[in-house]
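Some structures to go through are shown next.
One chain, subunit A, appears in both complexes that follow, with subunit B as partner in the first and subunit C in the second.
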Partner chain A sequence: MAIPLKYNIRNLFVRKVTTGLTVLGIGLVVAVFLSVMSLSEGLTRVFKVSGSPKNILVLRRNSQSEVDSGIYREQIPLIVTLPGIDRDIDGNPLFSTELVVILNMEKNEGGTSNVTLRGISEKGPHLRPQFKLAEGRMFKPGLSEVIVSRSISKRFKNCSLDDIIRFGSYQWKVVGIFDADGTAPDSEIWTDVEGAMSDFRRVSYSSVLVRTTDKLGQDQFVTALSNDPRLALQAKSERSYYEKQTSTADPIKFFGIFVGLIMAIGACFGAMNTMYAAVSARTKEIATLRVLGFSHMSILTSFIIESLLLALLGGVLGCFLGLLTVKLALSGVTGTTNFNTFSEVVFAFRLTPNILLTGIVFSLLIGLFGGILPATQAAFTKIILALRQVE
Partner chain B sequence: MKFFPLIFKNVFRKKTRTVLTIGSIILPLLVICLMGSFLSALNMPDPAQTRGMFRIVTRHKVGLASPLPVSYAEKIRQLDGAIAVTKFNWFGGKYIDDSARNFFARFAVDPETLVLVFDDATITSGSANDWFNDRAGSLVGEDLIKKFGWNIGDQVVLIGDIYPTTIQLTIRAVYKLQNEPSDALFFNRKYLEEVLPSFQGNVGTIWIKCRDGAAATKLADEIDQMFENSPYPTKTESEKAFQMGFVSMLGNVKLLVTSLTIIIVLVILLIAANTMALSARERVREIAVLRTLGFSSWKILTLILGESLILALIGGIIGLGAFIIGLKPLKASLMNTPISGFASAIKPFPEVLLLGLIITLLVGLLSGLAPAIRASQRPITEGLRHVG
Partner chain C sequence: MDNPLIRVGNLVKNYHRGSEELTVLSGLNFIVEDGEFVALMGPSGSGKTTLLNLIAGIDRPTSGYIFVGTDEISSMTDSQLADWRSRHIGFIFQTYNLIPVLTAFENVELPLLLTPLGRVERRKHVEIALYIVGLSDRMSHYPRQLSGGQEQRVAIARAIVTDPTLLVADEPTGDLDAKSAEEILILLERLNSEFKKTIVIVTHDPRAAARARRIVHLEKGVLKEDIKAEDRGSVRLADSTLAFADVKS
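Here is the complex of A and B:
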């Protein structure tokens, strides 16, 4: 025979202050956990959605990223004549030779950060389907012109349309603003690759991005490239290149779980206190229930349910607080450094339904562990002693 | 304080509750201490100011990944106020694998000038001369030696990425810096020049030790002006500013950590306040009896506030103590996690411990305030009539 749920709900509302304080405590813990996790999720997403499945990125062997790679000019014809490469209507291979330079730029909010300046060839934008020119026009080769992503333009000085980005004798005019739908180019500035090569006196490109025909073409290209003894290069799918960089979010994720766990134990203690008080105030009542014929089990279950309810209220409040924080205070894009490339990566906090669900589960665990001991104490109340007890 | 024993008895009246409350103060306090030391580590004092070192760093104005011509070092050395100049190249590469545990800073440097510029470093074992004389030798920070269990004479193999070559180094000397982590590996740039001729002539950053503070400020501007219109414009800043540049690259991490700390303080406050409310409510009748016996409402207030303060202090002292004692094993266990870089920088900063103590006192006072006022203001008759 089970004790009606109403009994527990009413009990929670009898002690408004205590219930309120405990719920708020659990709620804050859940909210902290959620905001850190949404940060890590937002950062991870950038790398998960970046890159096109058909694209192959060619880097120097042993290079971890484009920043520490190099491909000599004379290697390019060898690469683009390999089998498997997709061609446009005119029969020209679809590829972009690219140069990555890191610019140390001033942030609007003060301080500096590294931003990726990417030199691209004519086909570069075409290889990135998410790319859209939002304002202005495309840069013209040979004129020291750049286009800037909207997120970078908002976060860094001198990056609005018609501004000039200056570094001593280097200067580039911003002629366009682009959007890349939350993918990697959203953290970049683009310019003409040949202009950039001569500006920076580079003898080697950083990478070559190639569009392959299909899965078969992809395999053909990768095998041909790695078997060519003239090229000490490696080919990676663009997707997997970016996916590897999700490790950027690892420290944040670890930090979130670490802090979340310690705080959860703290909140658990708080919930336990509340439940112990609830049990001790109701000792006589519980004994009466036992006399009426409710079993140990049903009293145990009843108190655990009460604790779960208490924590669930906290969890829901936490989700609500988390949503509020992410939607209001953290709605804009923010940036941190991707230590794979040592440059800025722009992202937005993302609170997905999955993370919210984790938050609820998290709070229920707090309730469960907080409730077990007090509920056991309640279930094994000595009936006679409890009934005889004077308050 | 003749009522001290009474307060103390009250604190331990319900042992389970006391232990749980103390526990729920200790755990968040540990988190606060950790985060506080993280923030303190970011704001470490400027070595140039605290020890009269006056070091400045010159790099390519565009950014760190663009090298400068090696001749710049010689040009800078001739300027008035520059005592010593040395050249750094970030080698990068990997040691064993790409995991966070095996990541540490590796630089190709000029050994003889390095020790002149970093004259605050001490060689703790091996000798600088051994290192100078072995072109394939390396100078390794003490923290790294401990972390990897290396010894003088051990071989370290690094697989290059920026510089496509594999280099094999012998540990010849170990260094230690006073107040900073000593966790970098240095080797002779001549070694790299030999195996990789294309590397010749490029330098990543140039470090300059200046005569004094005034010379440091003057030199920084002078160097940047000298190269302003060259194909390789420079940016020169103090060592501290250079390091802070890396911190600002982290973005709003500071803000995030600070706001999390504040929320955690709120959480402890709520839990402690809850406990105090519980114990005050259970004692409504008892307090009424005390009032009838002649205890003034002021005294009741002090009794309850004292109780919450003692409770918080016990938690605080245990928490801070545990932080100081547990820091070493904690650091060691965090070494293999993604946040190892952060873990190596934490230590018990006095300001963090002080902050922990202040938070404890604050929690003790604030959590007891509402129940104490309510208990002391409640009319005696109502209290006596109260059914618990």
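Here is the complex of A and C:
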């Protein structure tokens, strides 16, 4: 049997101050790491969960996003008569012709940012399962009315219910607030597409969103669309369209991992320092354990376990601090720029159980790497010399 | 009398200090019979601790052999020695060397964690060992809550709890006042006479040596003197047989 765990636990508690400081250090590092990870997670979710797997987004061939796409009115009947499209009970094809316009709007906190104004047709909301009208009512076509996502409504001026949004010579009345459960529409303002077309004097839509029947229908539709020489359009699955935009989260993730790594190395040295101090203070004790017959291996294991316990305390503290930070300081929503459309993406920090687990693993790694060298030193304590040592 | 437990032959131990080589033991021969109580004396720096450490298997000789029972410990590897120590050696230190964060009970239990004994059996062994040293009422005390003499008695309980082949002690009374030292010596004497433990102690203290049945003098790397206790008369045994009757049950 190994050296009992209580030996390590009690030793940690005997050195209250050093243990406390080391735990605090590791805890802070884990908390920062968790915050960055939860930011990245929140941002990723916007794109990952957006879009329905049955939906196909039709764009002009070679365009990267809806912003630089264009589909003429005359092309619409050709698109919606292609095979594979799902229909409602009345037999009408399920699709929404849409126009995307980027508005530069004033933020509550000062400054401006780009916001996506999306014109949608009647079936538009129906094609987005996460969409829920939270307050007010749906806009009525032709009346220059809009509905605004709750996140945008909170972050931008004049976006509350019954406010008037002005942009150049245009103005829209806010008649409803909606919620899209953290997906892409949460960063948007919606109005009716024909109204928006005439307001902005556009001759082409940005995209057409189509609901296909199933996998087979999807293939049929995509093949038919890309093979039609009159159209010069491309069909993308809505999911993959948004997933591609997840790259917005990549720099943040990269930055988070980079900063986390640097801090983790610092924390490793902190843990290492503490453990070296522990080992040298207990040299004689270790020699005694060796005399009693405990092997190199059990000494090594015991000190690595002690280091892991130390770091685990830090990890738990870090999770607690992380939860507190995200709850108190970073609650609500925040925004960043989507580098594909150059408009604001609204998202919330998401500290999921998975991320918390990552934080714990992260702290254990700190403990492991910080503990290896001191534990090795402990395991290979020279018994004879250590016993001669005077306290 | 012809039942040697420890056989040491041509034992040489050199230490290196920088480029200098220091010979501490030079061709030493030494036999300890099973059941003997030997005191190792000699001037400071004569190599007493060195010899004791070699016999206890925590150091390796430069050359020569050491047998304990049938085991040639001078040819064992490091990990074989660790395993061997856990089964055959009870080591008593001058500075007690108890683990400060463990209670008396837990300290005594430590060596048993290296045996296949279960929890209940371990408890029984620890209780007996602490009873023998007279500390049944101090089981849950931490070392800092004990006097020096009590600490050393816990250390002795730890040394005997596995029922080892050999007890070794390096100046076990060196840090104690006269009264506590006396108690420790009586205890060791009793372990030898009553429990037939073979004991080798290193000591500077003539009173301590007088408790032993045999005194060995180490000078300049070799054994100089060897006085049998019989010659001095074994008078001390009587006053050590106190209230220890039902210990083995």
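Here is the rule we go by: the second predicted complex is superposed on the first by the 389 of 391 C-alpha atoms of A that agree within 3 Å, B and C clash if a C-alpha of one lies under 4 Å from a C-alpha of the other, contacts with A are read in each partner's own complex, and residues count from 1 in each chain.
By definition in this document, contacts are C-beta pairs under 8 Å (C-beta built on N, C-alpha and C of every residue); 3 or more make two chains touch, one makes a residue touch a chain.
None of the values given here were measured: they were computed from a predicted structure.
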Original post:
subunit A superposed: clash or fit between subunit B and subunit C?
Top reply: fit
**OP:** Between the centres of subunit B and subunit C, viewed from subunit A's Cα centre, what angle do you get? Round it to the nearest 10 degrees, please.
**Re:** 90
**OP:** Would you sort A:G91 into first (subunit B), second (subunit C), both or neither based on which partner it touches?
**Re:** neither
**OP:** Tell me which partner A:G25 touches in the superposition: subunit B (first), subunit C (second), both or neither.
**Re:** first
Original post:
Which partner does A:S63 reach: the first (subunit B), the second (subunit C), both, or neither?
Top reply: first
Original post:
Touch check for A:V291: first (subunit B), second (subunit C), both, or neither?
Top reply: second
Subject >> Chain touching more of subunit A, residue-wise (subunit B, subunit C) >> reply: B
**OP:** In the overlay, answer first, second, both or neither for which of subunit B and subunit C A:A267 touches.
**Re:** first
**OP:** Examine A:P353 and indicate which partner it touches, taking first as subunit B and second as subunit C; both and neither are also allowed.
**Re:** neither
**OP:** In the overlay, answer first, second, both or neither for which of subunit B and subunit C A:V14 touches.
**Re:** second
Subject >> Touched partner set for A:I383, first subunit B, second subunit C, both or neither >> reply: second
Original post:
When the two complexes are placed on top of each other via chain A, what is the minimal CA separation of subunit B and subunit C in Å?
Top reply: 12
Original post:
Both subunit B and subunit C contact which residues of subunit A?
Top reply: 391
Original post:
Tell me, which parts of subunit B touch subunit A in their complex?
Top reply: 14, 16-17, 20-21, 23-24, 27-28, 30-31, 35, 61-66, 92, 94, 98, 100, 159-162, 164, 227-231, 233-235, 244-245, 248-253, 256, 260, 263-264, 266-268, 270-271, 273-275, 277-278, 282, 337-339, 341-342, 387-388
Subject >> Touching residues (chain side subunit A, partner subunit C) in the complex >> reply: 1-4, 6-7, 10-11, 14, 284-285, 288-296, 383-384, 387-388, 391
Original post:
What residues on subunit A touch subunit B, complex-wise?
Top reply: 17-18, 21-22, 24-25, 28-29, 31-32, 36, 39, 60-64, 67-70, 101-104, 107, 110-114, 167-170, 200-201, 232, 247, 250-251, 253-255, 258-259, 262-263, 265-267, 269-270, 272-274, 276-277, 281, 334-337, 342, 344, 391
**OP:** Can you check the complex and tell me which residues of subunit C touch subunit A?
**Re:** 49, 53, 56, 58-59, 78-79, 82-87, 89, 91, 93, 95, 97, 99-102, 106, 110-111, 113-114, 158
